[in-house]
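This report refers to the structure that appears directly beneath it.
Going by the order they are written in, the chains are A, B, C, D and E; count residues from 1 in each one.
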Amino acid sequence: MASNVSPLPKAGPPASAAAVPALAVQDVALYFGGLRALDGVTFSAAQGSVTSVIGPNGAGKTSLFNTISGFYKANTGSIRFFGDSVDRLHAPDRAKLGMARTFQNIALFRGMTVLDNIKLGRHAHMETSLLDALWYFGRARREEMELRREIEERIIDFLEIDHIRNAPVAALSYGLQKRVELARALAMKPRILMLDEPVAGMNREETEDMARFILDVKEEWGVTILMVEHDMGMVMDISDHVVVLNFGQVIAQGEPREISNNPEVIAAYLGSGDVGDLRARVQQGRGRREVA
Amino acid sequence: MRIGAAKQTYAADEALFDTTVQRAWLIGLFALLAVFPFMAGPYWVYMACLVAINIASATGLNILTGYTGLVSLGQAAFMGVGAYTVAWLEVNVGTPLPLNLILGGVVAGLAGMVVGVPSLRVKGLYLAIATIAASVILHFVFSHWTAVTGGVSGLTMPPGSLFGLTLDEPHELYWVIVPVTVLMVFGAANLFRTRIGRAFIAIRDRDISAEVLGIRLLRFKLLSFALSSFYAGVAGGLWVYFFRVVTPESFPLVMSIFFLAAIIVGGMGSILGAILGAAFMTMVPEALKLVVGWMSPWVPDAVALLSPVRTIVFGGLIVLFLIFEPQGLAEVWRRVRRFFHLWPFKT
Amino acid sequence: MAVAAARVAEAPSVLEVTNIEVVYNHTVQVLRGLSLRVPEGQVVALLGSNGAGKTTTLKAISGLLALENGALTAGDVLFSGTTTRGRKPHELVHAGLFHVMEGRHVFEDLTVEENLVAATYSRAGASARDFDLVYEYFPRLYERRKGLAGYLSGGEQQMLAIGRALVANPRLILLDEPSLGLSPLLTEEIFTIIARINAEHGTSMLVVEQNAAMAFAVASYAYIMETGRIVTDGPVETLMRDQDVREFYLGMGEEGAARNYRDVKHYKRRKRWLS
Amino acid sequence: ADDIVLGGSIPLTGVFAFAGEGIHAGIQDWVKMVNEQGGIDGRMLRYVPEDTAYKVDASVAAFNKITGQNAVNLYYADSTAFSKTINPELERNGKILMAGASFATELNDPEKFPLQFIAGPDYTEMFGILLEYVSKEKPGAKVAFVHSDTEFGRDPIASSTERAKTLGLEVVETIVTPPGSVDVSTEVLKLRRARPDYTIFHGYVLAPIPEFINQAKQMGMETKFMGTFWSMDNGIVMKMGEAADGFMGVMPYRYYYDDSEKAPMLEKIRQMRPEYQSTAYLQGMLTAMLMTEAVKRTLADGKELTGPNLKASLNSLKDFDTGGIIGVPVSIPGNSIPVGRIYQADMKQQKMVPVSDWIRLDKAGG
Amino acid sequence: MDWLFLAEVSLAGIGAGGLYALTGLAFVLIYKATRVVNLAIGEILMLGGYVFFGFAAGLALPTWLAILLTLAVAGLFGGVVERLLIRPMLGESPISVFMLTIGLGSILVGVVELLWGANPLQLPDYMPNTPLFIGEAYVSAKVATAFAVAAVTVVAFLLLFRFWRGGVALRATAGDQAAAYSMGIDVPRVFSLAWVIACITAAASGMLVGAIGGISPTMGVFGLSVLVVVIVGGLDSVLGAMVAGLFIGLLEALTGAFLGGEFKMLATFTLLVAVLVVRPYGLFGTHEIERL
């Protein structure tokens, strides 16, 4: 398994993009006691695409991510990663294969600097043994230097976070923390990047920046993106494929345009999407009260 | 774009001691350590050895508790394992000193690993209490496995020897204890520049997300336990070369608390912290004795009266540091250094 | 439009913030002379980019700053005409000032229902009826009322957080990013409910929100802040015509139509009000 | 000439502080008396104590500190573990004679501990004295041992079980209590089941003896309770309350208030300190007295003050008069003074009264 | 098999278990409200014993008055400690606060030694001394009294937490202090109250334990056994403290009677490990919620 981990893919779409999907989720179910968080979920994410998972709150999106990354064990079903089943692998092994992710509630390590957080992402790919580490000079040092150079050149510059590399993460603003999470995921030599609500809590401007980063990662690094997001503006604009979950089941999937017109999806998730209408209703209510 | 002391290479940026001034300090420190036994009286050499032993053990505990976030109240018991192993080897096998120390560390490390097994499921303070259980069980073993441990009266051993020299005085043992401690401290400092140290810290900060990022939790928690008890075991080995007798009462629970207090007072999760903390906490009772000595002409029975004060001071230090200086002495040290760094330009 | 503005000006204010400054850890100054007011019975929006100090403003008002080693070093906050300085956060809650914190802050170890019970301490006569009201607004919570709040999904937790405010029936609610992590449908629903609460109970609100379009829909007046001070404010109708607001908060291109994210180029833009 | 230095690791704090305070005062007073009379052969006696909190490493530290800063001739040790720990160092140093608070059986071996002695009977000898008394009082009696689960507690148990057998006594139960245990109901029940005539406590100071006796009396048990040195101080026994009336035990020294016979030392003590002084005080004083005597004799013989010489002088003591602290003249052929007497608590007088004569274990002792 | 003996031993064990449960209650109260494992409980218990000694023996006050005064002093002490030591630690890591209580314990030992000396003392006899027989089985009167007091207190608290609305406030405060404030809960008052009540409880058991075993500066080690009790029962469960207290009391008595006193500690701590392996949060403790 481990042997087929390739170094970071070069820019440009992989040759065999169409052949195997980067991720194929087949009939996955996950139960919490009586609660069916996931129920027969089947979909796949093509290599080099942006696939978005949307759905109402509590539909099971985060649970799906947790199942894919091995934090939860699926009760049934199977998950294939570039054609190989990962069902029997634990979370760390899946990470090593190139499943990188960010978390809905930022999960940076608050006791470390930005740089160390990013370096940590590479953990599974490093070899330093205990004795090497205790002695440091020699193998451990060589490996650390190599990592440092790569992070500086490929990630820190790319995400424009060079000014904060030595800052403790706890002191960063929300938006920067999200960016550091992305950086850490990139350090994991991702073949698929799973982003759980990457732009939640950001305003339009910051969302635009993040969207740009995501597209750049996809295009320049050739990484497949799997994303959960409630910002429909962004999802519809940058996704190639959208999967809709509701009560743990896939209720629709397809191109963004199809999805945004699907009546079931509108009823369960999207709503009218018409702010003007809300505004009108509000004005009406206000008027009523003033009359009364 | 870099601000401040610009470094030319990444290697320089990652070095432990990155400025010439710091290197000079370090060399000065080594020089001091080298001439110390020739300048100081036997009592101070004795204290230096004791401080060094405590530093070794506290550094180990700091790896586990300060860096990996697993609170342990079993450090003294693991020292006991190391001490018994070394004493047993000295008495029954007669293997050379360096090997004994390493074996003491290894046996203690294995014991620590066993104790660490529940750490995957048992968390936080529950785990801390489980380590108390470990030390109670080890104490039972020490006092009842008479064939090996000599039961309640313990093991008495002949002085150790190295290169044909018999080491039976502090100023001889100094040359074993201090270098071993220095090596162990450097090992620990190096550790946290590599992936292993980072994994430990990640586990401390949030273990479940660490797992998803590729860190094998069980392996690294056990590694942390093993390493920390290895340090304890070696420290225990040094201890027994120093005192030459080990009984079940030699490593009581309060000693584990002492080490925990040392890393808190020094600064959890800081190599320098463990050093300063262990030294400070070992020296404070001595300083108190001095104070009492000065006061005795004026205060009748000062020795007897002021001695509970030591217990109070021990507790008081823990409390005061936690409330007023939670980052410990290491932070105080950094502040002092910053002051002199900027002095006289700013304050 | 002008009528609305006049209305705002006339109404007595339930909240008046004048020139406050906030410092964290005795070192980091986050607010620099910020003033705003919430007229009785109105919804006011507070917008701004990440780290501008919106959350800090709300904490300064509700007194929760002290918990994070922050201090109000200058200025004053008047709630219902009396200063809040020196009053404990829980006293303010009893006086009718309820803060729905950013990041939900539900009690994870308590069930949904117990979370609601916890919100009744500020009110003498709270009863099961109030819970019914919450369950009516959020049927999903009713289904999960016996479950631990810690296992709710993000959106469900947000509902619970707002539900707790309902139970307390305050005069003024401070809402910090109520739509954070909510589905579009729920965001819309929450804002509808916010409008409803405001309309039906006359509860005043100060809403911090990133989804500017939504905030503008329910608010009558809005403030926009950058790095610790208010840079623009005005009746919503006026603000929505402002070129910068349209570009940076509503994501509209020069021509007035919404921009596509794919077309956005990665470059640093400067907001005019900062220069 | 130079001072004679008496160093001391004294447990002024910690679990053993109650004894340490007495020992400290006893030594201090003795030193004062000696110096008031011009010292030993014109040389002053200087006492250099250091608190140890009853911890071995602190004791060792104290030893190193004191010996590093003074030319020490005599040393008071606070615990068995310390006495054992420091022994190799003591032999290496070769200039010091040591004794202390430990009555451990193990120390009573001149071969292994040539430079140490015990100012009284060791624990096994204390048991021996008790058992001797029992076998006289009630031949063939059933005895039970209750001891704590510590080195101190376990010390005499095995050997004394043997000894009881040779005296024709039956050991019907041996009960171990963990350190720090509070409720002893179970142990008392166990004891009742064994129905001993005599129960000997060892390894305790106070708790849990009173509760033990209380509950046993409540159950209507007839057994007689006995103790060893450290639980026999008058203050401690009186704290046991009414139920302890009749509590017996072995005591190698006279009590402070014992004026039945001529005891000039006790009179002097009573003059110096009008209030009651503990048995630990007497122990400290006697230890210092014996050490001084050894110094005196060594100097008188014109020999150098070395450890072996001091010890030889000590061993040369024949029928030495302790000024009445010990009721009979003593000799120290080995490392201990195997003499003691049985006292019994009289709660009305609030005093310990002798119920036997002085008992010597000459044959058994070291 | 000697059944009478077994019965008597069991009764004695349950009697001691009552004291464990009572002291355990003090742990649980503080943990429930503040998430602090208070390792100084043993020393506070000791302080209770000494204060009572001071009133009853030193000042020769009547027993009832001495008891009341002791409880009052303990309550006051709890309030002061909370205000001066615990409140500044709000928001610090549990380990820090845990260590702080260790420091507090050490201070208390020193202070008691300073005031009353290091020697063990016997409390004046204030409890009934006439033996009690259940059927033919003997029960120590003191132990029976202590058990009765403990049982009444523990059951009272059980009922209190079941039916009293304030219980929710307590747990809410423990869970998230900022949120509790924002609900209008007077967090500092909840904290003080928990400490006051817990210290009163601990002092009460101090008087009982002291009456049975005498008092000494080292009697705080009793707290160690109680720690085992609350861990086995679950740190935040009153019911757990009760069940585990009785069970461990029984276990200790039986091991003491049939294996020997030296096995008592071994037995309890082995039980502790066994329970933690099977149930990491004790028998009745709440699981910490861990989600990504």
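Heads up, the rule we're going with is that a residue touches a chain if its C-beta (ideal position, glycine included) is under 8 Å from a C-beta of that chain, and two chains touch if they have at least 3 such contacts.
Owing to the predicted nature of the structure, the values given are computational and were not obtained by experimental measurement.
Touching chain B and chain C together: A, E.
Common partners of chain B and chain D, by the touch rule above, are E. In this assembly, the C-alpha centroid of chain A lies 48 Å from the C-alpha centroid of chain E. Here the spacing of chain A and chain D, counted between their Cα centres, is 75 Å.
Distance between chain C and chain E, defined via averaged C-alpha coordinates, is recorded as 45 Å.
In chain D, the residues that touch at least two other chains are 13, 17, 21, 149. In chain A, the residues that reach two or more other chains under the touch definition are 62, 66, 71, 103-105, 107. In chain C, 151 are the positions where the chain touches two or more neighbouring chains simultaneously.
Remark: the chains found to touch one another pair up as A-B, A-C, A-E, B-D, B-E, C-E, D-E. On chain B, the positions that touch chain A within their shared complex are 1, 10-11, 13-14, 187-188, 190-191, 193-199, 201-202, 204-206, 208-217, 223, 227, 269. Within the complex formed with chain B, the residues of chain E that make contact are 37, 85, 88-89, 92, 94-100, 102-111, 113-114, 118, 224, 227-228, 231, 235, 262, 265-266, 269-270, 272-273, 276-277, 280-282, 288, 290, 292. Across the complex, chain E is touched by residues 65, 69, 71, 118, 121-126, 128-130, 132-134, 136-137, 140, 143-144, 208-209, 212, 253, 257, 260-261, 264, 268, 305, 308-319, 322-323, 326 of chain B.
Note for the complex: chain C touches chain E at residues 62-64, 67, 88-90, 93-94, 98-101, 105-110, 114-115, 117-122, 148, 150-151, 164, 168. By the touch criterion given at the top, residues 62, 66, 71, 103-105, 107 of chain A touch chain E in their complex.
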